[in-house]
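Two complexes are shown next, each including chain A; its partner changes from chain B in the first to chain C in the second.
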Partner chain A sequence: MALTSEIVLSKIKEFLGDDLFSSNESFGMLAVIVSSSRNYDLLEYLYKESSLEFTFLTDLTGAHYPDKKGSEFEVIYHLHSLVHNYRLRIKCGLPLENLDIRSMVALHSGANFMERETYDFYGIIFTGHPNLKRILNVDEMDYFPMRKEYPLEDQTRTDKEDKYFGR
Partner chain B sequence: MADKFSNIGGVGSKVNEQELTTLNLGPIHPATHGIFQNILKVNGETIIECEQTVGYIHRAFEKIAEHRPFYQVTPLTDRLNYCSSPINNIGWHLAVEKLIKADISKRIDYMRVIIMELARISDHLVCNSVIGVDMGALSGFTYVFQWREKIYDIYEEICGARLTTNIGRIGGFERDFNPAVHKKINEFLKEFPKTYKEFMSLLERNRIFMDRSIGVGGISAERALNYGFTGPNLRACGVDYDVRVFDPYCSYGDFDFVIPVGTGGDVYDRFMVRHQEIEESLKMIKQAHDNLPQGRHYADVPEFYLPPKEDVYTKMEALIWHFKIVMGESDVPVGELYQAVEGGNGELGFYLVSDGGRNAYRLHFRRPSFIYYQAYPEIVCGGMISDAVMTMSSMNVIAGELDA
Partner chain C sequence: MGELKTNIKIVGEPEGIKGEGFFATSLSKVIALARANSIWPLPFATSCCGIEFMATMASNYDLARFGSEKLSFSPRQADLLMVMGTIAKKMGPVVKQTYIQMAEPRWVIAVGACASSGGIFDTYSVLQGIDKVVPVDVYVPGCPPRPEQILDGFMKIQDIVKNESIRRRSLPEYKELLNQYGIE
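Now for the complex of A and B:
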């Protein structure tokens, strides 16, 4: 039986209740936005539920939306049910004041580096992670470079202003 | 013997009443084939503990990509897995084309399949021959590298570059295959299998090679899936997951090919899976090249595909498009998407969030090497240092992809 978005969504809704905030489908992939406190429960449920079997964590990453008050940061999980060949995106919003979210390493060993990378670039704290330290950047770094407020280039440069490019 | 000499060559630390030596394998070490460090705790020659340090060539591609128009991201993807840059380039083009809903013709798809499969061959050739090098068989490596150069000649004929190719454009190719490309592909299809057969006869049933690789560096399918393995390394464990079949892109459904799988996930299985994939890729190139449909080599996406230069000089509209594209002023839809392609090492994913601006709001590369390299300590602990070196080359960990 082919897995459809309706089935997956109804199962998640049944499991999470009010902790499922919203859902949308863009470019053929269902995305659910859920409470950050239930991330582990949900992934565990999706992993173990025999009709879904989302056993493969394809990708884990973060994003920064400074304008979204109350959920400035997002942790994004891409799951893949290899049995049903169905992909699902799960997003958990986090407020700037509290960037704690439960680590997935106990469920998916592959989350280890990906969570370290997300911590490294966004400063999201994965509680329960066995070795949460910087991975790609130097240990001495005291900022989180993928945050939007962190500039890419030297801000004293004046030769790259928009006015020179007709913008 | 091992115990007697266990403390030679380093300051030991007392763990379980044993003197262990700490050994840095890397970051600059001829056996790591790239810049990464493994801090090993060894008892004699047996590895007890291993910790990887990555990030030596981190270049902040994701941050840079947030500040560049879409077409300027392609050269960044070159530098991920630089052994098969065209796959990365085309994967990125596919992601953008999905976002702008471009209608890609069969001809473009087939041209891309030819290029991507050539890239896969060159990627696997490097990996497989380097496994030989790591156990002292250098001659096979020199045989096949000549053919990697010939693949690069084909790229050069198509796009002008060899290693970091920046091949194709959003919406197709900058120019059609010229007669020299067809000639070189035919030559490759005709001559390469002969050399390749010679190469394989050096290793495939070689007693030393088999003894060194069978049962070494193995991982179970269950653990591999849990670690997020994809590509040849996962297929060597017996899981037939291939993005080309599960999530077909570029008309891969049109081609007749099989997914080779192994059983034990050890070095020999990985070697053999890559070997079979080379054979399958050759089949696919032949099919695509023989049945190359007629048509244009670019799609109808004037907002992203540069108009011909002679039109830019003479036609107003072409000049406007040219200017808009080069300045990165083309409008893109708002949305987020995930596009995966089967890279040389596994599932190469692009998670792209667009807010409608001139550049990606967020772009994340799912780099297969980065994810499966996590399993390295689990695989090498309990084994010998010399096996660890081979395990690393058979996993085909590419530093550029690892560190993005």
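Now for the complex of A and C:
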């Protein structure tokens, strides 16, 4: 039997209860917004539940919404059930004051580098990660460049008219 | 057997006095001549400018005509560091290390917009021109530059090599220049 959004959503609702905040479907792909404290439980359940088998973590990334008070940051998981050929997105909001979220490395080894990247660019702390340090940027970098408060342009550029380039 | 070619240009002799069985000129001119026509480049190619450089090396444009058929992939034997392509900030120390490992006299050419100024990558992750980490002798503009432009830049380097005083590398001004980049 093919897996449908209704089945997946009802299973998640049954498992999480009130920790499932909302859900939507865009471009034919279900997205659920859940409590950041239940991220590991949920992915473990989706992994081990025999009727779902979301065993593949396609992507893990972050997002910054500076105007969304209380959940300025988001961690997004893309899962793929290879058995059922069904894809799912899971989003966990995080407040600026507390950017801790449980690491997924114990469940999906592939999360290791992706969590380091998310830390590198957004400063989200994945608790329990075996080696949480910068991965793409230089080690000396003292800020998280994908946060909206930092300008995209490099401040050391010398051959351009500064006022046109956010300097 | 093919016909003997008679139109092959070779490097001319420097200014000097010659007569039957002797030729007198200054040592610096001889050294300059030798240096300028046997430059061993180290291609530090990171992106599309590197592809243009491959065309420059190959038979159509033939960098070997300038005495540079021997590309040195070790900085120890290289005379000219050719940086071609975007240098990310993480790559900056590698460029600098490569430069430090080269023996004097050494020259640097920045090929393309990215190596010269950062190019279109005006962003947090990209070094805004390699002259932030090593001194540069010649800049070749273009995105990417044509092989002709790279050859032109190379010939500019040859001019610099030919006209450089052999004492330049031991002058205090030169030491000061290197110190600006934190190179001893």
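Before moving on, here are some points about what is shown:
The criterion applied here is as follows: the second predicted complex is superposed on the first by the 153 of 167 C-alpha atoms of A that agree within 3 Å, B and C clash if a C-alpha of one lies under 4 Å from a C-alpha of the other, contacts with A are read in each partner's own complex, and residues count from 1 in each chain.
What we mean here is this: a residue touches a chain if its C-beta (ideal position, glycine included) is under 8 Å from a C-beta of that chain, and two chains touch if they have at least 3 such contacts.
Computed from a predicted structure; not experimentally measured.
In the superposition on chain A, A:Thr4 contacts neither chain B nor chain C. When the two complexes are overlaid on their common chain A, residue A:Ala31 makes contact with chain B while staying clear of chain C.
In the superposed model, A:Ser51 makes contact with neither chain B nor chain C.
Of the two partner chains, chain B is the only one touched by A:His108; chain C is not.
The larger set of touched chain A residues comes from B, when the choice is between chain B and chain C. When the two complexes are laid over each other on chain A, chain A has residues 136-138, 145, 152-153, 165 in contact with both chain B and chain C.
Partner chain A is touched in their complex by these residues of chain B: 54-55, 58, 60, 62-64, 66-67, 98-99, 223, 225-229, 239, 241, 246-247, 327, 335-338, 340, 347, 349, 351, 353, 361-362, 364, 366, 370-375, 403-404. On chain C, the positions that touch chain A within their shared complex are 89-90, 117-118, 122-126, 128-129, 132.
Put simply, chain A touches chain C in their complex at residues 136-138, 141, 145, 150, 152-154, 156-160, 165. Put simply, chain A touches chain B in their complex at residues 26-27, 29, 31, 55-59, 61, 63-64, 76, 78, 82, 85, 87, 89, 108-110, 112-114, 117, 121, 134-138, 145-146, 152-153, 165-167.
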